[in-house]
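For reference, chains read A, B, C, D, E, F, G and H in written order, and residue numbers begin at 1 within each chain.
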Amino acid sequence: MGEDIQLMKGNEAIAEAAIRFGVDAYFGYPITPQSEIIEYLAYEDPYNKRTGMVVIQAESEIAAINMVYGAAACGKKAMTSSSSPGISLKQEAISYMVGAELPGLIVNVVRGGPGLGTIQPSQADYFQSVKGGGHGDYNMIVLAPSTVQEQYDHVGLGFELAFKYRNPVMILSDGAIGQMMEKVTLTPQLPRENKILDWATTGKTPDRERNYITSLYLDPEVQENHNIKLQAKFQRMKDTEVRYEEIMTDDAEYIIVAYGISARISQTVITMARKNGIKLGLLRPITLFPFPSKRLFELSDSLKGILCVEMSAGQMIEDVELAVRCKIPVYHYGRMGGGVTSSTEVFEKFVSLFLK
Amino acid sequence: MNEDILIAGFGGQGVLSMGKILAYAGMMQGKEVCWMPSYGPEMRGGTANVTVIVGDNKINSPILQEFDTVIILNQQSLNKFEQSVKPGGKLFYDSNGLTTLPTRKDINIYHIPATKTSVELGNTKVFNIMVLGGLLKIVPIIDIQFIEKGLYKSLPERSHKLIPLNLEAFKQGEAIVEVIQEL
Amino acid sequence: MAKARGFVEFNTEACKGCELCVKACPFDVLDMNHLVNGKGYHFSYMKNYDQCTGCASCAMVCPDVVITVYKVK
Amino acid sequence: MSDIETYKKELLAQGAKKIFTKTKNLTDTPFSYCGGCGHGVVHRLIMEVVEELNITHDTIGIAPVGCTAIAYEFMNIDMQQAAHGRAPALATGIKRTMPDKYVFTYQGDGDLAAIGTGETIHACNRGENIAIFFVNNGIYGMTGGQMAPTTLPGMVSSTSPYGRNMDTHGYPLSLTELVAKLPGTYYVTRQSVHTPANVRKCKKAIQTAFENQKLNKGLSFVEIVSNCNSGWKMTPVESNKWMEENMFRSYPLGDIKLPQ
Amino acid sequence: MGEDIQLMKGNEAIAEAAIRFGVDAYFGYPITPQSEIIEYLAYEDPYNKRTGMVVIQAESEIAAINMVYGAAACGKKAMTSSSSPGISLKQEAISYMVGAELPGLIVNVVRGGPGLGTIQPSQADYFQSVKGGGHGDYNMIVLAPSTVQEQYDHVGLGFELAFKYRNPVMILSDGAIGQMMEKVTLTPQLPRENKILDWATTGKTPDRERNYITSLYLDPEVQENHNIKLQAKFQRMKDTEVRYEEIMTDDAEYIIVAYGISARISQTVITMARKNGIKLGLLRPITLFPFPSKRLFELSDSLKGILCVEMSAGQMIEDVELAVRCKIPVYHYGRMGGGVTSSTEVFEKFVSLFLK
Amino acid sequence: MSDIETYKKELLAQGAKKIFTKTKNLTDTPFSYCGGCGHGVVHRLIMEVVEELNITHDTIGIAPVGCTAIAYEFMNIDMQQAAHGRAPALATGIKRTMPDKYVFTYQGDGDLAAIGTGETIHACNRGENIAIFFVNNGIYGMTGGQMAPTTLPGMVSSTSPYGRNMDTHGYPLSLTELVAKLPGTYYVTRQSVHTPANVRKCKKAIQTAFENQKLNKGLSFVEIVSNCNSGWKMTPVESNKWMEENMFRSYPLGDIKLPQ
Amino acid sequence: MNEDILIAGFGGQGVLSMGKILAYAGMMQGKEVCWMPSYGPEMRGGTANVTVIVGDNKINSPILQEFDTVIILNQQSLNKFEQSVKPGGKLFYDSNGLTTLPTRKDINIYHIPATKTSVELGNTKVFNIMVLGGLLKIVPIIDIQFIEKGLYKSLPERSHKLIPLNLEAFKQGEAIVEVIQEL
Amino acid sequence: MAKARGFVEFNTEACKGCELCVKACPFDVLDMNHLVNGKGYHFSYMKNYDQCTGCASCAMVCPDVVITVYKVK
């Protein structure tokens, strides 16, 4: 086999990836269904036993994300993870990180809300992640893994993109993917880099001006120029970072658009449909921001309709409708209780919406 | 083909680890595997269940409503999951936890008296693996050699000395499984 | 002083078999039953019932409010 | 009739009276807590005191985020469920707008001493006229036994699997001693519920907390050191023993600040 | 005159309204540009001198919104106010309030972001307010005042709606409206009500079961039913609570869609356009959720195009595009720095986009 | 040539040396603070110490939210601007990943003792090996003079226009005394910068804080009681007098916890 | 018609309150009014300005780029706002704060030597109202009686005794305003 | 001991007229000028310059680091 293949929980894959991709620091606070991430890291003790990666259980989610801010501002690869209520608490700091142009990785293993809700899986934090739950105009790249392997890979990808754009990146996972075990091909251990980045606060050496990291621009004009710069960056992300997967869309008359666990379920729906001679395909956005709008628009020419499957009351559907410029019927199907929908349910819904 | 398996019982019965051993063994045998547990505080004393999918094809949805094979280890699970066996599928149970018995006529039903046997052997810790022995006797999706490899992979080092004992119990499981109804 | 007398009753289905009452009884009245209740727990019972003084020590520590205490005043 | 039934009958004939039974202030729903967990006893004591003081109709309780997030399923009074750590803020909102009601929070050590540190300190410092019941089991019970600010040095938890290391994890934090220094607290005490005698003392402390509230004296803070046998991975009996031998050294029982 | 007319800052109008509409409690934490709200209340000292209304400066925005939660759960009219970064910190609790079905009023006097940004006015918190900055599927009615009078009136309206639906309501104002002074017709003092509401935690009297306020539903099925109930409520809001103002839309070939301070500026643009013989009208959403989508769709039949004027990078424009089903061109114009755009700028932009 | 110029020339001829001038660790940008505000002095002292200890190239500072949010405009070293109250969390993130650097936070009383209470207590309790410089002016200067947790009883502010009332506003809060109780703090002291002697003492304290960091001793916490003449609505001279007469009573100067 | 007015100077010169008095007076006279300040920490020592709109029509945008009337009280404000006077509009200044003078040829320019006059009177606190006197002499949008009412409304009770003095200063302002250039 | 001698120089444009240096000088050397600087502040100057000892007390308290001190050693 040669390859290093392990059976891992989605949450564990994130933790192991953090170590292997040479992440410098993890700061977190326990919350179901993602506490395995910090528990795995605590058990592996990478600080003492593997790479020197720092692992701290903070006093709160707010402290954790602000520790990420501090480390990120030194040019370090720093990350945090939480689940829905904890992510809501991080919104101010996420907005700060974008404003201060800091890289960093935030993992949200989504559970059912609103409020304390349920600890079962959900996808109802799409708007928060993609439209900006914090204040001000901002975006971050949102990665939506649908396998345990992707949970692993997206940690590497996430940091790559975070540093490429000096912007936080979010992995939007859910309780189902976080808790399930699948095979993961592990990549070789990368070293922590300890690079001195020219913008980072690593101590002002005599050869350069001081670096400072801030999101404060009291002068409206300066603030506006800063925002114009940020918007240009978000546009660059839209131009270059769209990622998605297509399954049987070539001849499709209908497609499902779904991400994460819903995409997994929808894959089975596609199989069912094809067995029944129905030309159904799947477009699975891997980046939720930037959204594969262009590809959807292209596809829409030859489609009769789209079903959005999300475990929410219908959030991504707005981006799908905008993508296809409302040219074809777009419907939503989803569940809102933390209970995950079944393929049969989705298939029946599809048939009743489009074929009856 | 993939085999969709559900194991359901009390949290304390090691339901989740039974699933893990299966999944590890499947992986060692080069198969596609997926393990999807129920989780959360309901498990505290309540019912736990786990879905394990083992097979040769890429695994799509890990969330299943119907299963090829269901293993039932207490009454609540029987009530909840008897109907989840696909027509023509298989239901295994250990009668020890049950006050009623499965009644479906359109499925294959097997009994693995693992509690009783393991108590008799004076080692209730091997209950788990005994059930697996019974299961794999009827549904031979995984070879015993890979169960052994799976155990080595999934158990912590300090427990490796117990593996031979476990393999014994596995064989015992193969021996005690009874056909109750075969279609 | 003559020893006080009493007895206790259990809401057996609520018992979680924690044994705290057994340890708390100053008169060694209680023990865990070898039988289990509907939830699968061994439950507490009055092994040496006639030693009970109705002191309620058992009830004080029972986390699940399983025990009702009677006492002759 | 079995011997024991005969015995009971005999005693009843001798005038045996029911001297202890479950208070009506607890619902019929069985606690969902692990067997042997101290939360049940503390729930019972609070509800008994509320009944005995005859303030059931005037008491509003606040459940935290933690194992007792669903305390409202068990306490047969009006209750609110708070976001993690924010119970003292809720209590402030209630008490300031309903000053005649008795208000208490019920909080774990993660809730009160980690994420809720700010709310705890400031409610105490404002001298809100409420009671805080703080169940310190040295761990995050609900989420599966992670390290809490109160976890003891060397203690194993799922996020300190090699024992709490003071160099990296920090020191066990006792907010109780800290809030006792604030002029806004009127009564600060540390109790336990692992023996009948301690249970009785703890009940007295809970009663004092409510009585202080009636007198408008400021904040009463009752810490109850308790076990989390699941999180500690011990039997209930072992966990109580471990608690006596270890927890009480860092968190000694007794009154910390008494009304002058 | 008979009427009680005062010259007031937008922020002061909110504070005076709180007293006059018989609000029970205000909990807040200072932040520019809205600190006048708590300062006005502290100066008026309504607790001792007017209505008995409680006014507390909390230790943080998080504490403040959770004090609102506590008081609201007793059936009290409770409110808080802040500005963008402070509102981000409240997202968890807002999600909790929706989940627990609690009424309450949250005022956001928006400033420029992201991050610490600038204290100058902005409208870049539209997504956060309307799509849900917190976790889970939820909505709240968002009122967008564009005059100081509306700042005042919306406090009354906000509480009316909050209690009608048992859901938080947000007033989405901005630094310009908060800081400017205009005439306000004050309404007579209403008493604080001290009503005992049947769902509120006011002490369990012997005649009823206990009340408890929670957003926790561990069972996914119960959670789902709860969410279905919430969604039905949001739908009721959409059916009944849409509010907007139209100016010269009767014969309009183009309209501007703008709210708040941008609507004020756009009114001047309309005047300019009409002077130039251009048939430009204005639709001003007063509720941002629910959005006047139906009316926009109706109007779109006779329109050649729409300009969205927002002080942001373009957020409301998504709702406008969805409303008109992408049938006609919709463009955005806005500023992002806290500096407020001028009518001339907007007019020129309009001309260059549509008439050249 | 004027008399004074002659005088200077004469002294220079006698070998007069420049014995004090602005440190290179301050930028040329003039402070944007109000005239007479203590922030300027504290800025200078920190930058002088950093220069004198020759750690300019190894020091990372954190500006809070408050009047000094733009401290990075003035301090000629690498700096980060933190969200309100979160500077100790940033400092933790920095120090843990860059353990060889000197890390300090600069925080006001609103920042450190109100919204940042949790971060302050926990960074202290973890014994983060950093320095916290805490400028306590009893008010929220930046936002226009609102009451802070540290505002004195009876003191007028824009949110306590009739004076701070302990019954409703709570008591002045001194986190400094509280964190001194935590084992994680190594050095806790309270200083001021309103007289030359106090300035010199304060500088010594700042120096000690950095030296402790070098020795990996845990957290050093230096409170500086200062004026906010704008917020207090006094002249700078009046405000310093008022500070001596009033602030120092509640916040007495001196060392609170010394290295053992 | 509405009159769009800008007042600009040092924060300490009472720019914002000058605007308030105008707005209050306008309101007392039954007019539409709007007062829109610059705000924030830049005001600390820096420049402050306020827009006041007084008139008979509903006021649309309170954010203006051009003004009918601009009052300039320091050099920075002259530099920044001389170009904001509408062609044909009016610019008032107090030369005390200025090192250069307005140069536009297409506007009316007036000088109100209020600093000098108020210093001579030994009461610099009436500087504000003196400027308003000068302004309203030329732009008679508000009657003095409403200025009086506006003062009563806008000043705290304890300052009411100073109102007669202020009205004096107002008249003084009317007296000292000089035409520099009229179109 | 003969009194030490010194003098100070001001970055006058940076002075904010707070008068703290004036109060801090032990030798009554400083006073506020009746003139104002570019920002409109009265600024500090050496009124009794020949009394200056170069003790730097003024510089110690100056919040705006306006003062440079010279001293004859």
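Simple rule for what comes next: a residue touches a chain if its C-beta (ideal position, glycine included) is under 8 Å from a C-beta of that chain, and two chains touch if they have at least 3 such contacts.
Since this is a predicted model, take the numbers as computed values, not measurements.
Participant: What chains, if any, are shared contacts of subunit D and subunit H?
Facilitator: F
Participant: With contacts counted as C-beta pairs, which pair of chains has the highest total?
Facilitator: Among the chain pairs, A-E has the highest number of C-beta contacts.
Participant: Quick check: how many Å separate the C-alpha centres of subunit E and subunit G?
Facilitator: 34
Participant: How many angstrom between the C-alpha centroids of subunit D and subunit C?
Facilitator: Measuring from centre to centre gives 24 Å for this pair.
Participant: I'd like to verify one number: the distance from the centre of subunit A to the centre of subunit E, where each centre is the average of its C-alpha atoms, in whole angstrom.
Facilitator: A distance of 30 Å separates the two centres.
Participant: Report the inter-centroid distance (CA atoms only) between subunit A and subunit G in whole Å.
Facilitator: Centre-to-centre distance between subunit A and subunit G: 55 Å.
Participant: For subunit D, jot down the residues that touch at least 2 other chains.
Facilitator: Touching at least two other chains: 34, 69, 81, 83, 114-115, 117-118, 121-122, 142, 149, 169.
Participant: Mind pulling the residue numbers of subunit C that touch at least two other chains?
Facilitator: Correct list: 16.
Participant: Counting only residues that touch at least two other chains, what does the list for subunit G look like?
Facilitator: Those would be 40-41, 45.
Participant: Inside the complex, what are the residues of subunit D that reach subunit C?
Facilitator: Residue positions touching the partner: 3-4, 7-8, 11-12, 14-22, 26, 30-31, 33-41, 44, 193-196, 199-200, 229, 235-237, 240.
Participant: Residue numbers of subunit B touching subunit A in their complex, please.
Facilitator: By the definition above, subunit B touches subunit A via 20, 23-24, 27, 32-37, 39-41, 59-66, 153-154.
Participant: Which positions of subunit F touch subunit D when the two form their complex?
Facilitator: Residues 114-118, 121-122, 125-127, 149, 166-167, 169-171, 173, 177-178, 181-184.
Participant: What residues on subunit A touch subunit E, complex-wise?
Facilitator: Touching subunit E: residues 62, 84-89, 91-92, 95-100, 110, 112-120, 122, 124-125, 127-128, 131-138, 214-228, 230-231, 312-313, 315, 318, 321-322, 325-327, 335-339 of subunit A.
Participant: Looking at the complex, which residues from subunit C come into contact with subunit D?
Facilitator: It comes out as residues 5-7, 11, 14, 16-20, 23-24, 41, 46, 49-50, 54-57, 59-65, 67-73.
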